[in-house]
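We call the chains A, B, C, D and E, going by the order they appear; numbering starts again at 1 in every chain.
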Amino acid sequence: MDYSQFLAMKQEIGLLIVFLLVFLYDTFLPQRAGKGLPIVASLLMLVLTVAGFFTCFLGSPDVTAFAGMYATSPVMTAIKNILNIGVVIVLIQSIKWANGELMIMRRGEFYELLLVTLFGMYLMISARHFLLFIIGLESASLPLAAMVAFDKNRYESHEAAVKYILTAVFSSAVFMMGLSFVYALSGSLYFNTIGYAIIGQHSTMLCIAIAFVIAGMGFKLSLVPFHLWTADVYQGAPTSVTSYLSVISKGAAAFAFLVIMAQVFGAVYEHIWSWMLYVLIILTITIGNLFAIRQKNMKRFLAFSSISQAGYIMLGVIADNTMGTAAMMYYILVYICSNLAAFGVIGAIENATGRVSMEDYNGLYKTNPRLSVVMMLAMFSLAGIPPFAGFFSKFFIFTGALAVGTVAIYFLVGIALINTIVSLYYYLLVVKAMFISNEECVIPTFRSACSERLGLWITVAGIVFLGLVSPIYNWLLEITAPIASLFV
Amino acid sequence: MNSVGSIIMYVIITLVMVICSVLAVTTRKILRAATYLLFTLFGAAALYFMLGYEFLGAVQIAVYAGGIVVLFVFAVLLTSRPGDNSEKLTSKSRFLGLVAALAMLGWTGYSLFARSINYAKLPAMDPQTMDEVGETLMGSGIDQYLLPFEAVSVLLLACIIGGVAIARKR
Amino acid sequence: MSIVIPLLILVLPLFMFLFLGLAGCKMSHKLAGWLGCLGMGTTTVLAYITALTYYYNPEFTSAAGERLQVVIFNQTWLQFTDYLVIKLGFLLDPISALLLIVITTISFMVHIYSLGYMEGEKGFQRYYAFLALFTFSMLGLVVATNIFQMYIFWELVGASSYLLIGFYYTKHSAVSASKKAFIVTRFADLGFLLGILILSYYTQTFNFIDMTNNPGGVLMCFEGATFMGCSLLTWALILIFVGGMGKSAMMPLHIWLPDAMEGPTPVSALIHAATMVVAGVYLVARMFPLYALEWNASTFIVVVGAITAFYAAMVACTQIDIKRILAFSTISQIAFMMVSLGVASEGEGIILHHGVGYMASMFHLFTHAMFKALLFLCAGALIHAVHSNDYTHMHGMWRYMPVTHITCLIGCLAIAGIWPFSGFFSKDEILAACYSWSPMVGAWMSMVAALTAFYMFRMYFLIFWWKEHPIHHGHVPHEAPLPMRIPLIFLAAVSCCCGFLHFGHFVSWNRMPYDIHIELGIALSSVGIALCAIFIAWKMYFKENDLPVKMKNMLPRLWDWCYHRFYWDELYMFVTHKIIFNGICRPIAWFDRHIIDGTMNGFAIVTNKCSYAIRGLQSGQVQMYVWIYLIGALILGAIGVLFLLG
Amino acid sequence: MFCCGVYGFITRKNMIAILISLELMLNAVDINFALFNRYLYPGHMEGMFFTLFAIAIAAAETALAIAIIINIFRVTRNVDVQGLDKMKL
Amino acid sequence: MFENLLIYFVVIPVVMLAGLALCQNVKQIRAVAVIGSCCLIGLSTWVLCEYLAMRAAGEDAPMLFCGSWEWFAPLNINLAVGVDGISIAMLMLSSIIVFAGSFASWKIDMPKEFFLWLILLSTGVFGFFISIDLFTMFMFYEVALIPMYLLIGVWGSGRKEYSAMKLTLMLMGGSAFLMLGLIGIYYHSSVDGVHTWNLLQIAQADAIDHDWQRFLFIVTFVGFGVLGAMFPFHTWSPDGHASAPTAVSMLHAGVLMKLGGYGCFRVAIYLMPYAANELAWIFLILTGISVVYGAFSACVQTDLKYINAYSSVSHCGLVLFAILMLNTTAMTGAIMQMLSHGLMTALFFALIGMIYGRTHTRDIREMGGLMQIMPYLSVCYVIAGMASLGLPGLSGFVSEMTIFVGSWEHADAFHRVFTIAACCSIVITAVYILRVVGKLLFGPVQDDHHRKLTDAVWWERLSTVTLILGVALIGCFPNFFVNLIKFTFSPAIFAVLGLN
């Protein structure tokens, strides 16, 4: 036994240390010091992020530990860092909420749970063994159920939690069922081993196994038709949790999904899962958009928008090449910034006035110009309007997908592009509400909290500069280059 | 192990499990459902024992039968209200459920039997010792599970925290 | 010849237009008027110098006595391809020199006349600016070195005509008349344009000299190019002639000209009698060698011209508005010129009777410009006096307006073709040409000539005699002021004597000097017919009597049709409003709004509908969610199998 | 058994009954793993250990789910899952 | 990077944006807008002079002022700029219209936001015209599109929300096609596997195989054609223009619609010459329909802006029509038509906006005799109308004639029929222009309230005079522009097209 192997897991260890510090702070410091917890937690996460970037740039070699159960490489470090950034923003944005009346008793738990889910996501990303992966998956989703239910005063929060936990458990059951088939086929749970074992296996069982695996991951990614929990949960959960759920959780799952599909089932890309994913992408983007059109509640609206965004992210998976991977990571990064900007505004407004309906936003520009400009930037970025980052991420992900070069993929991208128009429609509805519509009872002018503004500034900077500053994407492409061997 | 007796045992155990599970989902009384579940779990444990996974069987009994079912019973008692212990199933949901279940059964059954595994013939296996199990659980080599072990501990901790956070009154 | 004078001839009016147009509103009426006249006067002098130099300076005549075609300057304006280049230039040859004289003379006269006629009108400066613009465009048109330059100025004269007809823009009738004029000529110009395109595609040149000096070469270019059984050259020429028909108000594109009388009367004199409307004739004359090649095209011209001439004469007999009478008379006279050009050749390049038709046409263009301008200006003086266009408000004017009376009489005699007035000479030549082409056409045209004499004298008698002037509201008509009288007298004098010019020495089809000799038979007979017609008119209209009413009742249907101009306007109204406007435009607009736009909106609606249709998926029931989840997963597996197998 | 679980999940109204169905499903997976391990790959113990961990996870899930259900019971005094459709469409 | 003149076409607007963001009051905003647009005009003139000087010195590269700066190196995306005569003409046009547009919106509500969006839009436009890299081109293209939504939605009139949405969605629909096409081009751009976005390199390599060319040609042509208001994708135009505020209509019809034509030429035809040759007939039919159809539709409209919008459909249809004729003359005509239509339609919209600002109606049935009330505006309107119906001496004539002569070079019946149809449009144009002029400006005053309205003020005069000068300049000295443009076609395109 070689316990020094734990040292390979620098980021996970770091995260656990943060978790412990938060835990200790929460447990042992007196009640009134609790107000400081959100800031402390944010700072700690920030430190972790910065440290993570140092590791990244100092060059972290490809490491596998625990006999190949765990692996890390620059790409993984990068995606974890991307998630870290998102978490930092979420934490900053939620400071006000966490210090609110409601959260006095459960402030510490919120942070602890959040960190554990992040830990779970790290495991998902780094796992090279399905058992570890399952544990990561569960750690990433189960505590979230508790977080969803945090808003004790709102009935919706509870309802959301129930829906979430029931579907989560169901989907993990399906996922594990699929795994059991995979196990039956290959006799192993190591990614590599399975990957080799299934070469040339074109059985029905493999199909159903892959379908179940995709379904299980599709739950986390909220791909249609595994997405139905999404809207309800997003709507019901506290805004901070929703934003966390919509970006971080989805981002991690997307990457993990890519790893599974490429490394485990890479051999049957052409034969089986590219087509499954093909159908799923079309369904996801289209249905997500169709639902989003009618939504009046902003959080629900963003839920459906994020469903269709997930479809775009999946284009990076179906691309099955490094360009797609880089584009996907980039997309996740941009998506984190854009979506968090949107949720930041929603959260700020909800905290100040408690209003979340789209009609409430009518005439917002007159009273709160800055917030509405941020919201507009977020919407434009999500819709993929240049010069904001969303345009670049969309363009690159399409470029990545089209590298496949088949007629089918052109068709797929064509459909995705047509859907961008639909999505533009509903994003513009928000812009319209804020800038064009007039309303009697406009949300009054208010000054959002420092922390919220800080969070929004970060996201705005992201939206504006992520695209225009090319080294970011170039760097992602560079670090994904070594994983080319993953793809067929 | 390949005696007719074991095959009969196997059939009996599986039959009990299947029947109990069917009953568990069809009975109207929630408490009975919990009881049927208990039987099913015991059946599973028995199966594990039969397969030679004594440790697993023990864990099954301890955790599932001992822990989870008790939890269920508590929950049932906590949430039941007088006159509410029998529920009516709508025919629509029953139909949908049947469709889903049968489709699932058909699909998975087909794909499983397409593999034509000989279930009647149990291959030979070295009986595992507790040492071996412990070694595997705490080792960091290939097919050893130190890391998941640690990870699952974190998960359990988190679930405890989460449960506490939710269940605690203001 | 230096290029300065010719250049000035063009630039000066343009400058006057810009100057008066931009700075005019800051000037007094008087200043603007005098400036306009000064500019025009200078231009006239320059034009005379140019023309006379051309005619009399031997350097413009070849050794064989042929007058040369001289390109004074030719500046590239727009290069389409290596060969097809629009150049703006100045071509001096017999007909352009002739037209220079005509245009500047009439224009100058009209400028002077307008000082009196337009006095005190709102927009006086604008009026002079437009006159200058018109003069510029018309001069540019006649000196064009290539067909595209002609087309450019052709459009410009159309536009300035539009502006001048619509001068009284607050009047509905003026506005719609101007619109009509523009659109009808625009339509004709489409033909012109297509003709140019066809012609230039095959000949690879726009240049008149290249085309007309080498008709055989042109014919070679069109070798084998036919469309619907006719050579494309024929089509091109006919299409180009259609452009001329529009400008020169030939049937059936004549309908704009009577309405154009809504403009100020001097404008009618300048544009719609003397200069612009003969542009069509000029165009055909310019391309004459090509028309001479194509029997079909020249016959087409003859037929159109002959019908138009008769038609217009018939209509003129019944009109009440004196300007309309003159307008129809103009149409009829221009048709004379057209016929004359048509009958000058027999196709295949064979020129009949020394090309007398060509010469006669140009001669008539010249004389007609003078006497028709004179008549219009007289009409203007009358209208100025009684403030009405209607002869019923005039009658017996001889007593009040002696100068006008005399000059008008001279004009009428000239147009009727009575010796020794100018009309006699030119019309005689035309009739001679017609007879030589086909006696039938000759007879037909003689009949028209008789009708001409009749309706002109009908007008004359009705205005100046018939009965005592009915004096309304104590308003006594007065003689026109001096600036109006001078042009009348001048033009009358010209009309009297210009017939004795040796016109053939200046203009002929092959630019060789040529002696006119009057064919006595035709001359005598036509004068005789004209006198008869005048006599009938005298009988009917000199003194108030009921003969006209009787005549009218004798042929009520004919009179009605003539009076309503054979219902051409109504036909056009029907076609444009009912068929084009209601039958094409409205359906298209409807189609656009409802079908095309409806489709686009339909996409949105369908998307929305879909969105509503599938909302049941999100039922809020977690069990439904799971069910869909599971079925989805199973179907996904099925998809995998499907693609695995197939 | 898995299918029974599916059936139960979809048909039952009581949330606890649904949870029981879920347990059935998880158990089915466990048994699958154990059986596959034993029958197909008797050489190692991967399936068995997977089952082991799965049991732990299932326990955690159940605990949390029950906590949440009790929580909502406190709010609505009801464990009927079909009543949970305040958020939809 | 900054030694290249062209980059300032983007830098100046960006600086203007920054300046506007700092502005405190209306005066400063106006100052920034005016100074900026003057700088742009100056810059484009400078570039023009330099360009002519370089050409005179015998420079015969297809594009001048080329510069390329790495951006997304792994994807070979560069910020590549370069201009030829066409781009310079377009840059001139854009800067003039931005200038005129700034003056036309002198008294707009919320000037800061308005100008911010307007300048963002022009950033996109300028960027588009200087780019020779497909990616940056596309990016600027979209940058130019989206501000329209807010400009129309906030400052528009009538059914503004509907129109703004429709316009944005339809144009974005076009750009969706375009994105597919551009990425497709990228992947087929070279033989040796090193893909490029650079227009010139793609054209030189000419590596796109024919099957792909067909697909990509159609996709890109439709994509740009939507913005060029090609039938049946033109319906955004009437509604959009009708609802847009003055300066936006000007910029949109004047410049933005040109992006379509320019793109069709620069991308669809230049890069896919084989397919262009083979499939031009499809779009010839559509654009031929556009030309006639737009003109007929304009005849019955009663809203001034609708009339003008349909007229734009017709005129822009002519642009695409001419481009598809694939010969020097017609293409030159197309570019001339872009310039001409840009200026005169901007003039039209400016005047309509000014008239609307006074009478508060755009329905020609409710107005009349404006010539008596606001002679200056009316005269300008007549001039614009004359330019539109192709009066010689104004720009419309030059471009239309060039197009017709060029189109006539095809001797087959198919082209002939459509050319004749297109020629017919000039008559119909005359009909609807004169109809409006007659109803609106002439005749008696319809509404007595209108009598007390005032004529144009100085900024309006400045705005219109600029445009009229442009129109007249092209109309009077066309050969200068033709020579500027033509050079582009002669060596470069025919090498590629393999025509003539």
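As a convention for this text, a residue touches a chain if its C-beta (ideal position, glycine included) is under 8 Å from a C-beta of that chain, and two chains touch if they have at least 3 such contacts.
These numbers come from a predicted model, not from an experiment.
> Chains in contact with chain A and with chain D: which ones?
In this structure, the chains that contact chain D and also chain A are B, C.
> If we define chain centres by averaging CA atoms, which chain lands farthest from chain C? Would you check?
It is B.
> By C-alpha centroids, what is the most central chain here?
Taking the mean of C-alpha atoms per chain, the most central one is E.
> Just give me the whole-number Å value for how far the CA centre of chain B lies from that of chain D.
Going by mean C-alpha positions, chain B sits 8 Å from chain D.
> What's the distance between the Cα centroids of chain D and chain E, rounded to whole Å?
Centre-to-centre distance between chain D and chain E: 63 Å.
> Would you kindly tell me how far, in whole Å, the mean C-alpha position of chain E lies from that of chain B?
Chain centres of chain B and chain E, defined by C-alpha means, are spaced 70 Å apart.
> How far is the middle of chain C from the middle of chain E, if each middle is the mean of its Cα atoms, in Å?
37
> Counting only residues that touch at least 2 other chains, which ones in chain E make the list?
Residue numbers touching two or more other chains: 169.
> Would you give the residues of chain B that are in contact with at least 2 other chains, written as numbers and ranges?
Residues 93, 96-97, 100, 104, 107-108, 117, 143, 145, 148, 152, 155, 159, 162-163, 166 of chain B each touch two or more of the other chains.
> If you look at chain A, which of its residues touch at least two other chains?
If we look for residues of chain A contacting two or more partner chains, we find 131, 135, 138, 142, 145-146, 149, 161-163, 166, 170, 177, 184, 204, 207-208, 231-232, 294, 425.
> Run through the chains and report each pair that touches.
So the chains that touch one another pair up as A-B, A-C, A-D, A-E, B-C, B-D, C-D, C-E.
> Hey, which residues of chain E end up touching chain C in the complex?
Its residues touching chain C are 166, 169-170, 231-232, 234-236, 238-239, 293, 296-297, 299-301, 328-329, 369, 371-372, 386, 389-393, 397-398, 401-402, 404-406, 408-409, 411, 419-420, 423-424, 426-427, 430-431, 434-435, 438, 441-444, 478-479, 482-483.
> What does chain B use to touch chain A in their complex?
Chain B reaches chain A through residues 107-108, 110-112, 114-115, 117, 138-148, 151-152, 154-155, 157-159, 161-166, 168, 170.
> Across the complex, what residues on chain D touch chain A?
2, 5, 9, 15, 18-19, 22, 25-26, 28-29, 32-33, 36-37, 40-41, 46-47, 49-50, 53-54, 57, 60-61, 64-65, 67-69, 71-72, 75-76, 81, 84, 86-89
> In the complex, go through chain A and note every residue touching chain C.
Against chain C, the touching part of chain A is residues 162-163, 166-167, 170-171, 174, 202, 204, 206-208, 210-212, 214-215, 219, 224-226, 228-229, 231-232, 271-273, 275-276, 279-280, 287, 290-291, 293-294, 422, 425.
> Which stretch or stretches of chain D touch chain C in the complex?
It comes out as residues 6, 9-11, 18, 81-82, 84-89.
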